[in-house]
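Here come two complexes built around chain A, the first alongside chain B, the second alongside chain C.
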Partner chain A sequence: MGGRGRETAPAKPDAATLVADECTQDLVAIELCDITKVFPGVRANDCVTFSVRKGEVHCLLGENGAGKSTLMNVLAGIYMPEEGRIRVGGSEVCIACPRDSIDLGIGMVHQHSSLIPNFTVLENLLLGQGKGVRLSVTEATQGLSRLSDLLGVEVDPSTVVSQLSLGQQQQVEIIKALWQGSKVLVLDEPTSMLTPKGIEDLEQVLVRLKGEGLAVVFITHKLHEAFTIGDRVSVLRQGRLVGTIEPDTMRASTPRQLQQMVVNLMFPGEAESLANVAELQDLSDVVGSGCVGRLGEPLLELEDVTVAAERGEVGIGEKLSLTLHAGEVLGIAGVDGNGQRPLAEAIAGQRRVSGGDIRLAGKSIRKLSIGARQRLGLRYVTDDRLGEGIVGRLSVAVNMVSKSIGSPPFWTRGRTHPERIEANAKTLVDEYHIMTPSVETQAGSLSGGNIQKVVLARELSFGPKVVVFNKPTYGLDVKTTTAVRSRIRQLADGGKSGALVISTDLEELLALSDRVAVLSRGRLMGIVSNKPGAEQEIGALMIGGTHVD
Partner chain B sequence: MDSIMSADFLAAVIAGAIMASMPLLFAALGETISEQAGVLNLGLEGMMLAGGYAGFVLAYWSGSSWVGLLAAILAGIAVSLLMVVFSVRMGRDQIVVGIAILFAMQGLTSLLHQVQFGESYPRLGEAAMLSIPGLRDIPVLGILFNQPAVVYIGVALIIIVGWIFLKTNFGLNIRAAGWKPVALDNAGVDVIKIRTIAVLVTGALAGLGGGYMAVVTAGIFVPFMTHGQGFIAIVIAMLARGRSTWVLIGSLLFGTALSIADGLQLVGIEVSTDIVNMLPFVFVLLALVLFGRQSYLPAALCIPFERGKR
Partner chain C sequence: MIDTATEQALPADAVEAPALWRRWTSGFWRHAAPVVYGLIAGGVLLLILGKNPVGFYWTTLESGLLTWGGLMQTIIRLAPLLLMSAGFIVAFQAGLWNIGGDGQFLMAAALVGGLGSYMVDAMPYGLALVLLCVMGFVIGGVWTIVPSFLKAYYNMNEIITSLMMAYLGINLANLLIKGPLLTTTSFVPQTNVIPFDYLLPYLPGTKIHIGIIIALVVLAAIHYMQTRTGYGLRLRILGANPKAAVHAGINVKRDIMTAFALSGALIGLAAAVEILGVWGYVRADWNPAFGMSLFAIVFLAGLNVMVVIPFVFFFAVIQIGGHEAARQAGLPNDFLLLLIGLVLFFMVLTEWAREKGWPRMGRKTVATVSEVRAEEAVDNG
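On to the complex of A and B.
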């Protein structure tokens, strides 16, 4: 560049550098400078500076509660920051409400779906777009087909959203975010509910959008996704931006090195958890090679079980039989809403089976109540931790014993022993490293990860025989996820108990399970031993292929 | 006049049904709009009473039923402002505010009426009729085409509201405000504004319903004259699930139940008025038992909206 500069205009050696500077400046799509956002008692964002360039995917990593979503909600106009400036395309702007953000070309796919389930795809896209009185259906249909061509997806505009798969719903959300010619696309944890195929499709879409010159912010918990999808990676910790890995470094490092860098940024000075994270990556190999041979006696047997569907969900329509052995973690894979919840609740006793039999250690429990099943050592860790996992308004201590109300040693002859409840809670809080101000704190005020630990502590105490885990690490950060997974593995490795783990995260099942069963549309598609190559086999079963055993 | 099937009896029942169903129709249509926008308006009957009282007084002073009905609409809007301020803007519990509005209006209208008219109950003249030449001469059904002018406005409103819900941006925004206000907010539309407009329209329609009752049907205002009809309208709105044609059908059904009393008296069958007055409520119970399971209410009904609340 310098050479050419000398040839044409030897008098101005600085011109070329100046132009280059302006180019970089032009490339920055948005810039958040020194953003501070305070909630009562928490500095959710503390002087965060963050930018994303055109044609780039910038990944934002961090624990639960690190302030990732808050930062993006500032950009979306949901929150007004106490301090800081926002620049779009180089000029300073004020974003006071979502409308401002949309008008600036910022499109957002929020962590929780922004689609209205009982509206059609077209109605969802038209929401808030209208100029004039009547709905501009024709225009919208054209717009939709243009964008679906761009993304390489196919969506029927008249379908009601609740009838789409989660992957398709997400495609609609991206189309909605891009609807008004967005320049910046923010994706907040878009992959947490997707199948491996869905994630691959999403990656394709992002590559296309990058090609169109779009700037993309990608928030995720999964490190390997950040490394495959992202051009740049930034890490937030406790509301502060603690580090950014630039594209040059990204290209020059191996995934393992990158992982070390990120984990060091996220959990400085916690060598122990680092070891665990690294360990988990290898666990799948260990499990795959060693465990399959040494299954203990059958603990939980399902024989020809069918479960009726409740309104709008998929039940267990076809007779399902499987056996969980002592010392085993049996994974249940499948896209969310394919009969997992009915299956889990039928085993736990929260709903009736419409056919077949369930046996616990050889004894039929089909007709037993929830409580009776619990006394026999069957425990259920629900996926709805806030709704049915805990009573938010009650203390951590009471939640720890809430499944044994009225029974000794906490209650004797109708009398409560608060000191025993408290002592029990203190032991468990220490054992499970639950971050809570005290055992008297309202359980609902804890973070999601700590609530999950409270639920685990309750269900795993008193030596359970069989524990059913429904999406045990959904929405948890890397560290808590690791802790929860080790607990599950420990339970089974004791050799006396077994765990049934339902998860939509295939990686998790591969890391934990001895065998993986695949559910699709309420049907058991097959059971795969966790050995190298199992992932492809499971993937094929998930999308409805036939399993060759 | 002996037979229940006589033309006169049928015509009387139809006329009475239309007469009795109009207040329900206006109020239920209003409640439908506010429910679809996520606001359960239990103060509906209070708004009807306010409309009835204001409509009666203005019609009495001016001698024009139109002036009365306009006043009824304005009174309904004024009362619904309470709902807007406390429930929509300040996020207070909709049920509590609604009940407070009901009791406040029962008291206020009775008090004002007592102060102005004491124990006398003056009557108004006949309201403006609109009869369609030719059609009005059809036997029995001709009665449909010889009605107070407001009736035609009501039927037109049913069609207009149905069109707004299905075909306009505003209708889409209203439904979104009731089903998932967060989505509406994310799409850049002011949820509070949409809900405010919806509640004000509800007030206007409930006021009109009450005004119709006092000015057109009765020609008189009596304290507590709505007799639970606001609540029947709420039930109609819940069962209609946002579809205005079902508001029309529901109102006509309940209106028929209300008017059967008059029809029975006309053919000389005497039934205790207490029993007759119970009929509409028996109807409500029956309707709820038969169709209540299917009344899918908007998901965000009764939930105040605040941006960014976690």
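On to the complex of A and C.
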């Protein structure tokens, strides 16, 4: 509550100091000066100076663990910085808790939804209110319609949040962030959960908000987004602000030049080695590595598989048959939530099929347990890394063998050999370039990209025959994404194994796969060989899918 | 991140010795401080009641620890308490809330006590004792089958089911003692008495029965199981992240059943040791209710069967010494429970404060639990 006084005060004095100060001063909505935030062993932010002007989108780029989220958490009042000052509207403020931040007009939209799923949209919005005891429903409804007009979106206040698509949920999050009259909106990796259509809608919303004079901070690690959405781009690396591309430069440069600038800032000295970063390259180059028409033995066969839906999700409703061959990467395209997870879990054995048969190298595995399927060489790289992929409290080393507990060489007659587990982990940490203080570090304390590498190292290190990847590069930075993709391709190119890659990122599938199957509403719409023009074909299948209702 | 990560690994070795010392002293204070607070609060209470706190505490210490007789009593009490703690730890570490320890304890106690006198008559004394211990172990385990089956196959909340089984167990045990197992030689509602000579043998030169040795051996075995076997790791994964356990292909149903059964079995063994070592019979309506106080203690010991030993020892000293002190001061035994409650309360409070980084407020403003844990992990590494 203490922030309330501070919020209203700056507006007027600001006008007075305007003449004396630089011209741009009145445009600066928020300014972070020399922010330093230290965590045990890590300087998460090191003298970072960052500002955002009214009516602009300022993109904050950086690898996983570069300190983007820490900086924004400082702004949100979740962390107190050790050093540095924060100025809002020109006057210095102290943000000691999230309430202060909200009162200063800073609205945050976090990477993961903070909405309560079984509350309605309106109830979720009323939650953040906190003024007085009585909740005014009519007032809130009006506020909601005003904000949804402003955003140019349509939201039914009485819908239960869990029934909204991820894109719509995010729109509600933005409304919630703007609910208290925010002047600054911070979006932390907002596109990582969205479909291409959702991203487009978000861009529209941001353009409108800019027009209203809002200052927007947009955190991302996708370069092309930063260039299309951002007016200004700043790059963080290892906790330091290593450069800012001003609006003038942004307008004057081609996307290629901008990419080069950013890559140089993000990975100084390694720019050349990143020449094959998929996102920086024309798609056609990568597809060249695919081996269309050179299919080996069938490894994984699904025959008339159906999977029952659980709690409101889409199952595999129609009989689904597909075959994965040795040496092949088979992509599964589709918008998130169209049956991908039930399919992956059914193959892995985490869920029962309600019909049909699954065969691994000719042998039916439909009735086998998860463990038995793993021992036959079937591995599943889950999309829920933190939830089920790793055990956050256990060490990196233990997580790397968590799927082979009890089996040699790490266990003999039930006895653990810690030195073998440790040696295995050290080898894998080197091989997969996992950044961790030690192999004994708790896996949960690593960054998302490194956790994914731990998972990959575990799944790929035991000579798997078939690996099911569910959204393998979701939320990863450019460099890790490239590393993961090349691992997947390597696996298949060995000729003995196959990979089933489920992804919502069509570019990724086109870059990796030999064939792409399209899944829509729990139904296999078709399988397309990855050749020039495949993109249109897949797109058509996806749209065809949305019409079937 | 790259640089900081590699830098970090180096100084860990270099500063190991002072860090270890710091950890040890801070660890000592972490455990000693709540005891001091609890005793001070208890002292204030004693003053209000018109008793001399210094005298009370001195008597407690003297008759629980500093006299040979008191120390022996404390060590005798330690045996069932340690076995029971191990039982709770096995379940809790696997994320299974075995709340029904007292039911498992009493069922095992009633049957061991009730059948004990017949068994020692019917067979060689050594064999009878071994069989009775095994019986306690098995009965304790059997009493968990209902909650663990419901948990494993129907994901039913084991807190409720094991608590219900505890009610059933406690009352069924009484029913047995007053019914089929009722003594034939006395009018007191109790089981037949196992002759004194047929109880667990003493350690040479003492009057401490070998239960403490059984307890320490079992604890060492459990510690080994938890830290050095695949089974132990599976249970840890199950406790830390059940979804990850399923994903990793662990046979979760089997592990839930076995861990729960082992937990109950250890508690049953605790009962057998207590009956065969100290009592020789079970009186109707006897219920030491060790479970409740031990819950808090095993958590404060971080669910570590080795760390739990000093905690339980301290608890036993208060139980034994305080009994005498309360008698001398003319206080009812309830005061002891109050005192233990106060100490446990402050233990929880200081633990909470430590996780918040409270004593270091000046240096580190906001530290979440995970950061503190991460820091510890770095320290360890």
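The working rule: the second predicted complex is superposed on the first by the 457 of 549 C-alpha atoms of A that agree within 3 Å, B and C clash if a C-alpha of one lies under 4 Å from a C-alpha of the other, contacts with A are read in each partner's own complex, and residues count from 1 in each chain.
Following the convention adopted for this analysis, a contact is a pair of C-beta atoms (placed from the backbone, for glycine too) under 8 Å apart; a residue touches a chain by one contact, two chains touch by 3 or more.
Bear in mind that the values here come from a model prediction, so they are computed numbers and not experimental data.
Asker: Which holds for A:R208: it touches chain B only (first), chain C only (second), both, or neither?
Answerer: neither
Asker: Who does A:Y79 touch here: chain B (first), chain C (second), both, or neither?
Answerer: Both partners, chain B and chain C.
Asker: Check whether A:K403 is in contact with chain B, with chain C, with both or with neither, and answer first, second, both or neither.
Answerer: Touch status of A:K403: second partner only.
Asker: If we overlay the two complexes on their shared chain A, which of chain B and chain C does A:R256 touch? Say first, second, both or neither.
Answerer: After superposition on chain A, A:R256 lies in contact with neither partner.
Asker: By residue count, is chain A touched more by chain B or by chain C?
Answerer: Looking at chain B versus chain C, the one contacting more residues of chain A is C.
Asker: Looking at the overlay, does A:E123 come into contact with chain B only (first), chain C only (second), both, or neither?
Answerer: first
Asker: Looking at A:R352 after the superposition, I want to know if it touches chain B, chain C, both of them or none. Which is it: first, second, both, neither?
Answerer: neither
Asker: Figure out whether A:K367 sits in contact with chain B (first) or chain C (second), or with both, or with neither.
Answerer: In the superposition, A:K367 contacts neither chain B nor chain C.
Asker: Residue by residue on chain A, keep only those touching chain B in one complex and chain C in the other, then list them.
Answerer: Dual-contact residues (chain A): 78-79.
Asker: Taking the touch rule as given, give the residues of chain A at its contact with chain B in the complex, in rising order.
Answerer: 73, 76, 78-79, 97-99, 101-103, 108, 110, 112, 114-119, 123-124, 126-130, 132-135, 176
Asker: Can you name the residues of chain A that touch chain C in the complex?
Answerer: 39-43, 63, 65-66, 78-80, 238, 348-350, 369-374, 380, 382, 384, 387-395, 398, 402-403, 405-406, 411, 414-416, 418, 435-438, 440-442, 444-445, 447
Asker: With touch defined as at the start, can you tell me which chain C residues reach chain A in the complex?
Answerer: Those in contact with chain A are residues 1-5, 8-9, 12, 227-234, 236-237, 240-241, 243-244, 246-251, 365-366, 370-371, 373-375, 377-378, 380-381.
Asker: For chain B, which residues count as touching chain A in their complex?
Answerer: It comes out as residues 167-170, 172-173, 175-176, 179-180, 182-190, 307-308.
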